[in-house]
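Below are two complexes that have subunit A in common, paired first with subunit B and then with subunit C.
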Partner chain A sequence: MIENRIDYYPTHEHQGIKFRRGHALPFGATMVANGVNFSIYSSAATSCTLVLFERGEAEPFAEIPIPDEFRIGNVYCMIVFELDYERLEYGYRMDGPYNPAQGHRFDPTKILSDPYAKVTGGRDTWLAKPNWDNIYPYRSRLAFEDFDWENDHPLETPIEDLVIYEMHVRGFTQHPSSGVKNRGTFSAIRAKIPYLKELGINCIELLPIYEFDEWENSRESPTTGEVLVNYWGYSTVNFFSPKAGYAATGKFGMQVDELKTLIKELHKAGIEVILDVVFNHTAEGDHRGHTISFRGIDNKTYYMLTPEGYYFNFSGTGNTLNCNNPVVRNMVLDCLRYWAADYHIDGFRFDLAAILGRAPDGSPLSNPPLLESLAYDPILAKCKLIAEAWDAGGLYQVGSFPAYGRWAEWNGKYRDSARKFLKSESGMVREMVQRLIGSPDLYSQRGPTASINFITCHDGFSLYDLFAYNEKHNEANGENNNDGANDNNSWNCGWEGETDDPAINFLRHKQVKNAFAILMVSQGIPMVLMGDEVGRTQKGNNNTYCQDNELNWFDWSQLEANADLYQFARRMIQFRRHHPVLRSPTFFQYWDYASSGFPDISFHGTKAWNCDWSESSRSFAFLLCGDHAKQGIVKDDMVYVAMNMYWNGLHFELPALPEGKRWHLVANTDMGYGEDSFDVGQEPELENQTDFLVGARSIVILIGK
Partner chain B sequence: MNVTSSTVDTITLIEATGSIDSKTAPDFERTALTAIQGQSEVIIDLTNVDFLSSAGLRVLLMIYRQVKAKNGKVVLVGTSEEIQDIMANTGFLAFFSLAETLDEGLTILKTA
Partner chain C sequence: MSFQILAEAKKVAKITLIGEVDSLSAREFQKEIERLAVEQPDELVLFVENLTFISSAGLRVLIFAKQKMGTHLAVYMVKPQESVVETLEKTGLHHSINIVDQYL
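This part shows the complex of A and B:
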């Protein structure tokens, strides 16, 4: 054991602080014996000063210019001794040219956050009023990185077996009805693990949890007078720090331990954790924005700039991170490796990922080095990588995202097809079938595991609202209803908004159930939006990014009020997880390679073995042969699904089962609470084995066993 | 912060008072780790501790790891509700048995 080293001792002193030359790697601030190693790079700075604060103090207690002889290449590094690990806050001042046309925006009056800081202070409690005169609002801090994981390990669930639940950390438990301690925090999610298990999902995907500022662009709502905030958090202040305001212990600076504890407990419950990560832009905005970190450290490196030195805006938020610059690419890689290795994260969903495939001048690359690096990285090798395969600059890559055999995608076409089919549009049968079989038209080379299937996500209507509103109602956002998408493919079932008409309400609930049924019998990976299982409503708002209130919070009293929806959703998830034939890692082959007497998949209609593919058709059925489950490796039941989005009921002739098997009812969305679905093993046998009347706008699921 | 150690029967008792944070944790750590050398039954009395920072929690876990290596057990006595809450949120609580009083702590160890 080495007990002593030369570099445990200082060589220099400034303002009473002792220090010495540091190590260039790793970047960031690292605890070393007797001190802290600071390392930061800038391609164009002419000097760099380390600024040290006692936690929460208005003024720094020391500023140490890093001696030029400590610089290695473009990296400034220094070990400082006898610092208080817990109470220290640090930042940098960088001097250099201010010449926007050449891409430089140095400003030594600003104290800059460390891009590699593992903890960022300043917004320690959600919506606690900040001191607007703070000379250094987002303060870099040190993190203890010795968490006791015991025997935890990322779960490495095969991706086709996942049922993803897209969740907002605060929104999940902030509603008073959640009945848990420390509402709105990581800790409160832990308290709700039993609910997640009962629902049956095995993966949560968290909306951004990298440190962001909920106060960014805050203002008053014109309709309610409430403060509107950056609730979703798609605006990163620091990529390595968890959001302090999401931790009950954020005010004590213990968010790292709290988040890791949550992940460890979720893993114990068999639930994976995917992070929604935002590497397309930062919180610094355009040339009018604040200088927090990157702009003042190395503007030209971190951002995509126009020839005039302004910011390209492919993200729709003011700036675009220059992620195919080799230095920035390494930062992204370092960041993801850190989250995978230190936080045991199971996967990442990349916001506006098409941007990650753009060159520094904005043009799309055919072989983007960042995406390739991520796909082949040894530490990320078992992580799920999921792209939102479009950006705000018009690049739409669903089906063509550079995947390297690794990347899955949010399948936006799945969402659009399912919505149009559900609202009875004509000519949707072929399209819907493509989506149900895993979108081979989009992912012929990649397989159904490339397709993350969803009908709703945080961005847009909630599932209930999809059937309660024809139009968006975003007045509460204070943008005159001009924000949010207009092509929602929604249908209000006959009345805009809330109604006490029982027929309309029954139809809305039926449509929610239809959507769950479609999602859970589709090949690919289903994603459910938090609260859709209990009919969560956003009152027609399809862009709730700024609403920290009941428009976004999961109202737990809905569990009882909409018990029918919850029970149906739970049973559909259970059904999917029980039947491997619904979760194939490969596409169907349309023939009987298992010699069972049935092809792996066959299509039917009102006549068995006869599907109506015509433009006017709004109904079809399909049969999955259980002997072909997982390419014939496991045995499953026969699964028959009839979907009738026509506005009248239709008799479906059932295909004949092999000798000894009988049709049993799993679900019939035309029925009311209690009769619309059955638990696995409790499916009643059908009296009529040859014909089923599928109600108007209804889905019927049968198993043959 | 003040820390003392003593022995009750075969049980090592460590008593702290005040705040255990990054400034005082090294003291706490030194005294505690010396006291538990070779011991497998340890009580840490936190009745008079008003705050445990991250560094303080880490010393507790270090004590636990060393005692655990000898198949031993660590009981925390008199942990305030706030400290318990912090420990629960950050996962530290799961490693320890809790007792309200010293007597209760002794009983837990003796019947273990």
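This part shows the complex of A and C:
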């Protein structure tokens, strides 16, 4: 029996608390028989004190200086006995030099969160007003590892088969129209799983769910007077703890169970879960920021510092995590392994991932050890790894991100090309074709599965706004409209903002449908922004990071109001998932290796087999041969897609099909609700099998079967 | 007294929970479960009509009961209040527990 082991009896006592020498690994607080093993690293602290609180109490009930003989190398560790696991909150005081020029900022007056805490309390209910005088606002707690996963397992869906849905936990259900209990929480997402299944997506990518402080940099809106908050959450307080305020049970400290329950239920529905993780900076800001954890534990280890001891700011948020320091690198690895193993997470999307390839002095590394470690890690071996391959310090690595055969990327060039093509810019045909075939110009050694294709994401215009606004309208953010990107490649279709003009509104809806069609017929992995399928608007705001209101919330009444968009989006996703020829794991070879009489892909125009590649061209078509689907392993229909972004309709001559096959209509974005798309298996056969009038700024999709 | 345990252990173990199961009373609850586990019951029946609150510690005891007594154990919760049911649902525990209006 573990209770009888000699090393689980106390040897010391302080203020009535019994304890003994601890184990250096694992870091963090780990439950052992009768006690808790505490372990924390600091390379330069001269002493470390464990501070213990009853849950929610203003003052600690004990402070135990960790005896120096308990220190192993640079690790302070101690087992403390007879603690109430449920009610315990703990932190540390670290003493050491305060010498910023040397990189040290120790302050023993501060109580510090454990970087390895598995639960963090203090912001338990979203936007509940904090006690600003709290001496320890972000409180480390213990997590239990007794969740009943039943037979759950990460789904390991081939990445080329994913349709990703980028979602904000709160924004998805917080709108009163969501009609679910516990709006804005993990639990509420669970209630909406039937919707996600009906839409057809098979992966959700959650904006940050690590514990962050929504109150960080909070202020009043100059236009509405309401409080502006850290809504997106790209500012981590603790990397191992789920955000308590996203859990209906956060006030009971059960956010771990609630999130795991959501993941288990999503997996049962065939939906993977990818986390958007932020390892490039923390919530501690620059030298003027709060000391929460890392700064007070080991500033020089955790942050990239200038020679003068200030913070490098490659993240644009004040500090930069020192990811290629071996200690920090191990923390990142430990963290991701924990989420993969304990939460069954299917993949990770790394915010500003280019930073992860910078050396401690900020210079880009040719062989970044962290990225390599992640790529070859045994526990993460089946996880999807997705990079946002740029940072705020000017490093742009789309196409050149160190991938080690494992990493996919948010393809920013896909977004830009699709937007320019959709607004009828000249000279975009060749560029658009590159993006449609999986961007071989960017990923020649990696294949189309390196490309996460998207036209919109949380950062920027929503899809509807892309066709309703020429300019950003960010006044509500209180930064004089200076924040947010200026190069949006958007087009308002003739009027800035809302209008009653039916022709403009029809065109906007058509453009949204065109965008969905492009996304779903592209090789690579499509990512849809939450709400784009129902025409969600942010009223022209392209940087809604601080808006906890209807600018960000999914308005479920739009499901009815924009039923045409929803139906089209749903059918396009269904179409993609039904046709493997759209989801190749490898690039096209441009020849008939399946002996079908057709090459795997061919390009066309108003004349079949004759594509206009000229600068002035704004239209083209392509034909995918179903006999080549998944490298010829499976059989599929012929898929023909004509894209006409010219401002007049054009007759496209259709390529002749093999004998016995006939052209059927899948989608025509020039048509109205009810006639613009058809369910799989319900596609009507064309009367005219030789040519098709593709309307102005329209896309037509046919299948030959 | 806000919390009482009345138990008998044959093949069916019955416990009545009254008031609030907080982290302190959860320890008593757990001790009772441990005692009952020795008898290897097939069913654990919790009469909870007058239970107004169950903390995370209390919920963990239910998980513990399943683990301690084996997955064959059927757990019944008789007449739980709405707030208790909600907590069970949010944390996914309702899948492991039979919620019933009466136990015959």
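A few points about this structure:
Basically, the second predicted complex is superposed on the first by the 702 of 705 C-alpha atoms of A that agree within 3 Å, B and C clash if a C-alpha of one lies under 4 Å from a C-alpha of the other, contacts with A are read in each partner's own complex, and residues count from 1 in each chain.
Rule of thumb we're sticking to: contacts are C-beta pairs under 8 Å (C-beta built on N, C-alpha and C of every residue); 3 or more make two chains touch, one makes a residue touch a chain.
Keep in mind that this is a model prediction, so the values were computed, not measured.
After superposition on subunit A, the partners subunit B and subunit C collide with one another. By the touch criterion defined above, A:H473 reaches neither subunit B nor subunit C. In the superposition on chain A, contact is made by A:F252 with both subunit B and subunit C. In the overlay built on the shared chain, the residue A:H23 is in contact with neither subunit B nor subunit C.
In the superposition on chain A, contact is made by A:R87 with both subunit B and subunit C.
Judged by the document's definition of touching, subunit A residues 84, 86-87, 144, 146-148, 181-182, 185, 187, 247-249, 252-254, 257-258, 260-261, 264-265 lie at the interface with subunit B and also at the interface with subunit C.
Of all residues in subunit C, those touching subunit A in their complex are 23, 26, 55-57, 59-60, 63-64, 66-67, 86-87, 89-93, 95-96.
Listing the residues of subunit A that touch subunit C in their complex gives 84, 86-87, 144, 146-148, 150, 181-182, 185, 187, 247-249, 252-254, 257-258, 260-261, 264-265. Within the complex, the subunit B residues that touch subunit A are 21-23, 53-55, 57-58, 61, 65, 85-86, 88-92, 95. Residues 84-87, 144, 146-148, 181-182, 185-187, 247-249, 252-254, 257-258, 260-261, 264-265 of subunit A are the ones that touch subunit B when the two sit in their complex.
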